[in-house]
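Following this message is one structure expressed as C-alpha cells.
By written order: A, B, C and D. Residues from 1 in each chain.
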C-alpha cells in the first residue's frame, strides 16, 4: 500500500511543477469581471494545449500526450495546489472529443478535434431532456431526414453546461419512433449558431443560471452531421457516458468539500465546538468526507492498474452530496440565520446541493444499477422492453389522463 | 373522547383556506426574493377574518378561541407560504390579554399589531435566566433588562417586528412589558434571509418606556411555547402541500415505462412524508389539548410538536425537490420556495434543535420529580 | 377537541372500576411459576367472561355485550391502571371468533364460540408459512379432499402464538393449485390434538420461544371443517386481517414504550442527562413516542365515530418499532455493556424488536399498501396476476436454479 | 500510488481465511451463548499463523508487518465471528516492542499472550488525564495509578484479559507498565455480555509489580488507536459477510412472483450496506497508510474508521435480519449472532460514539492550529 508517486510519476510531477513555476502568472486572475472570464479561460486552455497539458490522455495523433489518468490527476493536483484553473472545456476534451475519436468519421476527427483542444471551439453535451433524464433513451428530440440527405431537428434539451458560449454540441435525437426506444436514436453534431437554436439560462435555487435549456426549432443539419451511424446513437451515447464516469472518477476528492472547511466554521464558535451534539454530527460527516478522499485514492490505484472503475464508483457521489448537505446544515444550525445570507458560502452549498443530487442520473437509478451490476441482484420488471417508442408514449398519455 | 375537528373548527379552517387562496402567495414568495416589495400585505385579511383577536378573550374584544384553533389558521398559512404576521402577534396578544393590557381591544381588532420579542424561558443546560437569540453563533444572548419602567436591550430575528405597534418585551428575570413601538429609542431593522415570506427584524430598545404586565412566569413562558406550536403548525401545513404536490407529480411523471410513483424508492419516501406528517399532526393535537386541559404539559407538547414538525418539514421539502429530479431545483419551480421556508424556519426561535433538547429536558425533569 | 369521556363512557368506566375494586385480587399474581401461568389466566378469562368483560364487542347472542371499541379501550385502560392482565385468548376472541361469526356455519358458531369466550378452548391463527409471510396468498399447506368428503392436510405454519396450549386453530390451506393463487384457498378449523400435528417452539434472538412452528403430516379433517366455503379462503382471511388491524389499532399507545421509561434510565446517569448529544437523541425518540400516544387517541376518535381505521394506522407501528429501537440503543450507549445482560429490560427490547419489525407483514409491504391505498400511487407491476399457482412455483424454482 | 493489496497481503488474507475456516466459528458463537465452554480456543491457530508477532519488529522476533496487515487478519476474524485474542494482544505487543520489553520474543511467538488495559488517551471534553471505561454509565473512570514500580487500579471490559500472561497497564499520567498477570494482587474476572465470541474481563490490580516501558506518550496513545482500527477492521469483515448472506437470500426468496432482491426497497438497502462498507474500508486504508507514513494523522484516521465501520456494522446486521423477515430474528439463524456482535462492539473501548467525538476533536484541533 503506497500513496506516493512512482519515480516516473514523481518526474512528471516535477515537470508540471516546473512549468507552473514559470507560467502560473499567465493564468486568469480570480474575480475577473464576468464578461472577461470565458475569454481569459479560453486563452489559458490554448496555452495549456501548447504546453501539452490540456489533453494528456488523448492519443498523440490528435494532439494529446498519450498518457494515462494518473498523469491527468497529477496535473489536477498541481494546478489546484498552485491555485490556477485547468482547461475551460472539460466536457469537450474529457468526454465529447473521445467519443468523436471512437465513433466519428476521419473528416470529423480532423475538422473538430484540433479547435476543441485549443478552445477555439468549445463544445456542449445535448443529451438530457425534461422527460428523459435518468431514462436517457427516452429522448424525444426528433430529427427527420430530408430528401436531399440533410436533417431537420426539433425538440428541447436541458441541463446543458456551457451552451451559451459553445460552438458545437453533440446531440442525441430520435430518428425512428417506430422501433423500441434504444434502437431509434442517432447522434449528431450541431452548430450552436444554426438558425432555430435558442439558448436560455436555467436558474437554480440560488438564482444563478448554472445550466441552460436549449430549444431546436426545425434546425437544418448537414447530411454528414451524424456520428456513429443512423440508429446507432445509443451505443455512441454509452461511450460518452463511460468517459463521463472516468472524468468524474478522476476528479473526485469530494468536490472540494473538505471536512476542515466545515470544522473551521464551527471552530469560530467556541460554544459550539464544545457541544457534544455538534461534535457528533461533525464527527459523522467528517468521517464520511474523509472516506471519500481515500475512496478517490483507491480509484486512482485502480485506474493506474488499468481497470475502468465500475458503477460502484458512483457511491462516492451519493456520500459526498449527503455529507455536504448535512455539514452545511450543521454549520447553519450553529451560525444561525445569518449563514443563510445569499452570498454566504454555506447558503450557496445549501442551495446548490439539492440540484446536484440528481445530476448525472438520480440516486435511485444509481442504486438500481449498482444493485444489479455489482451485487448481481435481479432487475426490476421492465415494462418498456421491445415496445415501439411511439406506443410507449401513447400508453403514458393514456395512463395520465 | 373526540379529537376530530368540530364543525366550528372546520369552518375556521375552510374560511382561512379560502381567504388566503385569493392571493397568489407562492408566486409572491418567489418574486419577493428579488424585490421584497412584492411581499403581499395579508394583515388586512387577518383582521377581517378575526384572526388578530383569536387568542384574546371575549371580554377583551377577541374571539376567545384556543391554541389549536390558532394552529389551524397557521397550517393554512403554511400550506401556501402566506406571510401573515400571526407568529409575532398571536403569542404577544395572549400575554397582553393575560396582563390586562390597556390597549387590548385595538390589538384584538388588529388595528394595533403586536409582536413578541422572542425571549427563551430558562431551561436546558444554560442557567436559569431568560435569553434571546444571538445575531449569529450558538451562544445565547442576554434578554433585555428593565430599570423601573425603562427597558433596554437588543433582540434579533424577531418575527413580525417590522411594522408592529406594540412590542411585548421579556426581560432576563421573566418580567413582561408592553412597549409602544412608535416611541423614540425603539429601532427596528427589517431583515430578510433566504425565505422572503417571513418578516423578521432586529430590535434595539434604548431606555424606552414599557408598561409592566401583571402576568405569571408560567404565562410568560407559555407565550414562547405558543410561538413554537405556531411554527410547528405552519410546518405541518407546508408538509401537507409538499406531499400533495409530490404525489401528483409521481403519478404523472414516467420513466422506463412506468409512473415514478410505482417505484418503491419514490413510494416509500412519500409514505415517509405522510408518516412524519401524521406524527407531527398528532403532536399538534397534544399541544392543543394540553394548552386547554393540562397546562403543565404544554411545554413538553409544544417542544415535541416543534421538533417533530421541523424534522418533517426538512424531510418533505427535500423530498419534493428530489421527486422532481433536477427540475425541482430550479428557480421557476415552487419546490425551492418550500425548501427556503424550511431552511429559515429551522433556525428561528431557538431552532428546531433547541426544541428537541427541551423535550429531553422536560422528560428528564418529569422522571426526576 | 376533547380527550375526556362522554357521560356514558364515564359511567361505563365507573362500572369497570367498581368491578375491579372488588375482583382485582382474583387476578393471576405476577411472577407465577411458568407452568401455572396459563391455567391461572384461563381461569381469569372465565371470570371476565362471566362478568361481561371478556368480549364486549361481540353481539349479545354469542355471549358478548354488543358494545363498541371505545368500551374495549376503556377496559384496557382500567385493567392496565389496576395492574391486572386482560383475557388470555386475544387472538381467538379478537380476531378468530369474529371471523367465525362472519363466515362460519350455525353449527360452528354454536359449537366453538362459547368455549372460546370462556377460555375452555384457546385458539391459534395458522396463516403464515416460511414462504408466505407478507405474500400471504402464497401459502403452500395443501388440503386434499378425500372420496368420503374428509380432507387430508400437509404443510407447515409458522409464527403461531399460543399453539402449544390451543385446542383449535384457524388454518388457511391451498385446495386447488391450478388456479391463480388467491382463488385456490380454503379456511379450515383444525383440532390441535389431531394425529399428525407437531408443535415446536421457535426461539427468538433473546432465546425465548415467543412463537411456534406447527407441522401437519397428513392430518385428517372432517368434511365440515371448512369455514366460508371451499375456494373462498382468501375472503375469509381478509376478514380475520381486518379484525387483526382493529385489535392492534385499539391496543396501541406504543406497545407500552412510554418515553418516560427510557428517560428514567438516562436520568440515572447525571453525566448523560447533561450531555447534549444524549438529550438530542432522547428528545427525538421522546417526540416520536409521544406522537404515537396521540395518534392512538386520534384513532379512538375515529373508531368512536364509527369509521374503521385505514391502512395508515399501520404507520404507528413503524414509528413505534423504530423509536423503541433507537431508544434502547441510546440507553445502552449510556449505560454501557452492562445493559446488554440477558436479563436486562433494555437488552430484551434490543433482542425483541428486530423480530417485531416484520411481524404482521414487513414494513416494505406496509409502505406499499399505504402508498397505493392512501396516497393513490400506482401499484408495482405484478408478475403473479392470473397465473396458476403451480406455474408460479415452477417459475420460481427455475429462476433460482 | 498503489492502494491495492500486495501479493504478500493477499497471501496473508487468504491464509487467515483458510486457517479460520477450519473451525465452525459461527455455530460455536451460538453454542457459546448457552455454554461459554463451547467457545473455541483459536490462540494456537494465531500463533501458528504468526499473528502474535505481526506488529513486533524482526529484531524482537516478530514479523514486523504494518497496521493494515493486522487489519486484514482482523477482517477475516470478523467475517466468521472468530474470537481470536488479537484485539488485546496486538496493541499491547506494539507497545511492548516500542518499550523494548524483556520478554518480547515470547510475546511475539505467542507463548505469552498480552492484553492492553484499555486506557483512553486524553482528548475530547473531559480533561487531560487518561481514563478507563466505567463498569456502567457514561462517566469515565480514573485510569490506574503507579507509585514507583507498584501499580493499582481497576479497569473494566478489558478485551482478551482472561488468560493473558502480560498486562500492559496505562496510568492516569500516560505511563505504560508491563505487569505479569500471574502475580498475586492481579485479579481478572471474566465477563460475557450478549456476544459470546468476545473474551472480556474486569481487571483489578492491587499494588502489583510493573516494569515501566520506555515509550513516548504518542506511542502509548497509538496503542489505543490500534485497538480502534482492529475493532473497525473486524466490523468491516462482518459487514462483508452480512452483505454476502443478505444478497444470496434476496436472490432466492420470492414474494408476489418476484425475487425480493428485485424490489427497490431491498435492493437500495443492500446497496446502502455496500456504500457503508466502501466508506469504512477506505478509512481502514487511510488508517493503515497514516500509521506508516503520516503518524500524526493516525488518531484522526483510526477514529474515523472506528466511527464509520461501527455505523456500517450496526446498519448491516439490522439489514441482514430485516431482509430475512421474521426468520432472521430466530435463534437458529446466523443473523442474530452478527447482530449480537454489533451490539456489544458498539459499546466497547469508548464506544463508537466516542470515536465520532474524537474525529470532531481532531478536526477542530487541526483548524485551530
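Note that in this section a contact is a pair of C-beta atoms (placed from the backbone, for glycine too) under 8 Å apart; a residue touches a chain by one contact, two chains touch by 3 or more.
Just so we're clear, the structure is a prediction, and the values are computed from it rather than from any experiment.
A.B. asks: Farthest chain from subunit B, going by the mean of C-alpha atoms per chain?
C.D. replies: Centre of mass proxy via C-alpha means gives D as farthest from subunit B.
A.B. asks: Using the touch rule from the top, work out which pair, C-D or A-D, shares more C-beta pairs.
C.D. replies: A-D
A.B. asks: Calculate how many whole Å lie between the centre of subunit A and the centre of subunit B, each centre taken as the average of the chain's C-alpha atoms.
C.D. replies: So the centroids are 41 Å from each other.
A.B. asks: Counting only Cα atoms for the centres, state how far subunit B is from subunit D in Å.
C.D. replies: Computed value for the inter-centroid distance: 49 Å.
A.B. asks: On subunit B, where are the residues touching two or more other chains?
C.D. replies: Touching at least two other chains: 251, 258-259, 263-266, 268, 353.
A.B. asks: So which stretches of subunit A touch two or more other chains?
C.D. replies: Counting only residues that touch two or more other chains, subunit A contributes 275-280, 364, 367, 378, 380-381, 383, 399.
A.B. asks: Help me check something: in the complex, which residues belonging to subunit B touch subunit A?
C.D. replies: Residue list for subunit B touching subunit A: 33-34, 133-139, 157, 193-194, 200, 251-259, 263, 265-266, 318, 321-322, 325-332, 336, 339-340, 343-344, 346-348, 351, 353.
A.B. asks: Help me check something: in the complex, which residues belonging to subunit C touch subunit B?
C.D. replies: It comes out as residues 1-6, 9, 70, 259-260, 263-264, 266-267, 273-274, 276, 278-280, 282-284, 286-288, 290-295, 297-298, 300-302, 304-305, 312, 315, 318-319, 364, 367-368, 370-372, 374-381.
A.B. asks: Which subunit A residues qualify as touching subunit C in the complex?
C.D. replies: Result: residues 275-280, 378, 381, 383, 399 of subunit A touch subunit C.
A.B. asks: What residues on subunit B touch subunit C, complex-wise?
C.D. replies: 1-6, 9, 66, 68, 125, 243, 247, 250-251, 258-259, 261-264, 266-268, 270-272, 274-275, 278-280, 282-283, 285-286, 288-289, 292-293, 300-301, 303-304, 307-308, 311, 353, 355-361, 363-364, 366-368
A.B. asks: Give every residue of subunit A touching subunit B within the complex, in rising order.
C.D. replies: 128, 130-131, 133-135, 138, 158-159, 202-205, 207, 268-269, 271-272, 275, 277-278, 332-342, 347, 350-351, 354-355, 357-359, 362, 364, 367, 380, 382-384, 387, 392, 395-396, 399-400
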